[in-house]
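Look for subunit A in each of the two complexes below; its partner is subunit B in the first and subunit C in the second.
This part shows the complex of A and B:
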């Protein structure tokens, strides 16, 4: 890769830029891709990590579910500003989530009430173990961990911008993008790493461009506050005006102070269901509950490339229709579509798997780029050159990044089964386990011979993955045989994926330098090459004679 | 319909690979004539256009386009791995 910086030709300059923007924040980017990929199965991972959670065979009607949630909130948070009930549907069919934004902090000093209820009994789903679940993994890809949210989103934003530049410069420098479209050569050293890097980036390019660009859209106004300030000014009123512009119908309503009970849901709900006949109602929202100014809103589950931000609003006391779903401005429609593409809520099971695999391929692209960078520098040194501290540090960190993070994620799943169920702060300790194991992998990579360290960590990752279903069988009742028998494909799928992942890693482990099978295969190749050379020489002699 | 789209795209990409001298030599052992390469390329674009239309007509514009990218991604990997295996066998 070019060392001339911006001094060389255009392509050389772009190569330099591609190398450095890809390298500098690669740790953050790899972390975002791995944890974000798991986010596409957050509900499924949640289900596996809560073995006590019962699968709901059949759910009550939408009206009953909504009333169950609202009754709970009316009882527990009578003086709230707003109620939100998230109805179970599709992948999230196990719990009814209720949320109330309070007017004043409660006895615990919290400004909200948040609970997950059993959708059938309406009681707290408290029998479930405390866990970070799939949502904690998912949230880390944009909020990181152990740091304030406001700081994390800026680090993530810079890393995403770097990724975007790396992708665009990668397109510029890849000369034979169509000719090399399917080129993947194994056992060719550095060439194989470059092929792997090119393949993973070219085939997943639409996904990578979309995921990076849409990731930036999420925090547009945080990353570019000047746009808002210069066009609309600053202050709380401006914020409210902008919210009202982007999400019409969501503006706050003044309290009248007159007590009034909430209307029966049946008529407004029927109207909403006839408005969206093919999409189930997913959110129920009540503004100013208990007041005569109450507004009841129904929102459908997102369908197509949309986050389902549209809502039908009714008078919360009389039930009269206040407004049909308002027309959103083009800018809001665009950002809504981008965010929906990023989150992939619309995806069916096949597409969801492809989102997941594409995310992992994005991580593989970063990993191969990292290894390639170190390999090129090592090659330049030649056999007798001594590697400087920087190269050694990067070679060893590469292992900590590439294998260490997946090890940490598997440790997170192990912690879910190994930590005592009644442990205080259990969810947070699962997360500590992830980071402790990740940190340990960096130390291990630093202390051991590098080739040995690669083999040991990949071997450990394979062993932990394959044995995860066994650990599950030993510690819970929802083992693979039981889940397969009951047709609980979510939990069974998790176990089977862990096994498949482990088996794939065993195949990788077998070909890593230094392993006995790799040595045998190299010896065999050398012998075969010698034989072929001898045969060719003999044939040449014959021809000459 | 998702799997039909995937199949169409994979066959399209196969034709696309067959339209390139280097990949075609790996697949068939010989380099096809330039007219055959052109025909393969035409067929490849037709099949890829077909899968695009299938995706959009089945899932709508946004989801259809995303589905197409997913099919290209999967089909591309299948062909790349198959060619890599052919290269190994050939060597």
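This part shows the complex of A and C:
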């Protein structure tokens, strides 16, 4: 008995644990994988969801852009600890992002100012419709929705730990990890679902391990504060000491209280540009703006797998070059690289697609696992057993989870085009549409015959997805023909992806039980069964005679 | 018949208590064990002069996530609940003792 585990052998026990941690928070995990995957295209989705946004043909010089951003902040946030100006580049070529960390909360009760500016006029980029865009969709994968951030990150944290355990146990219980790489048997019922589950998880395993573990690292000391508290204690100094370890050189500088205006940017900027001749300056940062202790920093876009980047620091008043910050200690480099891998800001378009697909494969792994569990339970019941309330509930909610959420996301895109452009609270209503449609999917799954409900929801998802470019063409002037002709591959890519998704879903719809092609095979089966019955009856007669 | 018997044992009260006990052991017990082992190792690294305190704390917390998961797996791999509980309790206590001894 000594080598026996909780549920029989070691493998059986680990299988039990794999199933348990996989199922309990599967709703949250699936939600995180779907919304997080869209996050890899947040800027692209944003561009599609703001059809009024004009692509900037030519941008002002780096210095003008930096000054535009800083002037806005000096006007709107005179009393701030830090200014950050992110210059337009690459995927974010349309906006100049400004951010200020305030010393005291402003009238709105917020400790920061954050805006997207029109890079040319320096005014708020408000000529576009109000929308949550790609960012609101992506932020939900860690901040969820309809709840305080502090609560959400802990729910997400527990779900992430469950995911991590599910991955580790999944590896342990796997017999033939390499064979499953190439195994996918269609139309074999439960076996096909298991093949699908195995293939999706094995294919994406490196990605899944990385994304899960690095997800924890974003909130290292929120999720596991105990080791720090036990050894270093708690309080302001401890936080500062850890901050200095993780981000050396970022410790706050004492204010002098003397007012001083910022140095002219041209000389420091020229020095920075000559240091990095091949990478354009991406961030401009001012610490203690308006004070005589101000520090001005320029940073190029990071070229490696790192979130931060090298910086060149200048005295913010005299413009004198300051010494470089100390290098990061090894553990800080490691966690920084893990978070950079998670976010994938460094990824070019092809790697970005790989990220996106890997994320969706992760979602598929969760979905197939859910369906597999219900199928197994059904099978164990046998033909005559009646399913208990729990099994029925899970069978039905599986549809609401697996297909309902993508339906909600498509509804979010539909809402962006259908809701009146000048509607009050428009961005929030787009989000309500997502959740209302998702909720409706659960009700539909609960009330309808289950096989019919699957077919109808997958069919609806395919239809809404394929027709998204049509809706776009009807409601805006950035339709597929125009964007293709113009070479606006971001918007055209969105429309084309929607069509591709829809077509793939039609293929799924066709093989779902009860649809026309599956009906053929059922008819064949029925004929065969009838023949077998006839043979048996004939045999019986012979015996009786 | 076999499947019927299995169904029955699946929902027995003792099975549910086992699940609850093990979930609590894996989460709270795992947290305590990971924290104390991590804290001991931080103090040990720091005392031996191998690492700065902040560096050791950061590394041990990063490793702690993995350790916690492995402890959780161990909780479910172990057959005997009472023996498991005692072993976890004893090892947490041992790390706590070592931690106070070195500090």
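Following the convention adopted for this analysis, the second predicted complex is superposed on the first by the 497 of 545 C-alpha atoms of A that agree within 3 Å, B and C clash if a C-alpha of one lies under 4 Å from a C-alpha of the other, contacts with A are read in each partner's own complex, and residues count from 1 in each chain.
Criterion: a contact is a pair of C-beta atoms (placed from the backbone, for glycine too) under 8 Å apart; a residue touches a chain by one contact, two chains touch by 3 or more.
Bear in mind that the values here come from a model prediction, so they are computed numbers and not experimental data.
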{"item": "Partner chain in contact with A:199 - subunit B first, subunit C second, else both or neither", "value": "first"}
{"item": "Touched partner set for A:262, first subunit B, second subunit C, both or neither", "value": "neither"}
{"item": "Touching partner for A:10 - first (subunit B), second (subunit C), both, neither", "value": "second"}
{"item": "First, second, both or neither for A:221, with subunit B first and subunit C second", "value": "second"}
{"item": "Of subunit C and subunit B, partner touching more subunit A residues", "value": "C"}
{"item": "First (subunit B), second (subunit C), both or neither touched by A:490", "value": "neither"}
{"item": "Subunit B versus subunit C as contact partner of A:351, first or second or both or neither", "value": "first"}
{"item": "Touched partner set for A:156, first subunit B, second subunit C, both or neither", "value": "neither"}
{"item": "Subunit B-facing residues of subunit A, complex", "value": "178-179, 181-186, 199, 202-204, 206-207, 210, 304-305, 337, 340-341, 344, 346-348, 350-351, 354-355, 357-358, 361"}
{"item": "Touch list for subunit C against partner subunit A, complex", "value": "3, 6-7, 18-19, 22, 31, 34-36, 38-39, 42-43, 46, 52-62, 64-66, 68-70, 72-73, 76-80, 99"}
{"item": "Residue ranges of subunit B touching subunit A (in the complex, touch as defined)", "value": "2-3, 13, 16-17, 20, 22-23, 60-63, 66-67, 69-70, 72-74, 76-77, 79-81, 83-84, 87-88"}
{"item": "Touching residues (chain side subunit A, partner subunit C) in the complex", "value": "1-7, 10, 13-14, 16-17, 20, 161, 164-165, 168-169, 172, 213, 216-217, 220-221, 223-224, 226-228, 230-232, 241-242, 244-246, 329-332, 334-335, 380-382"}
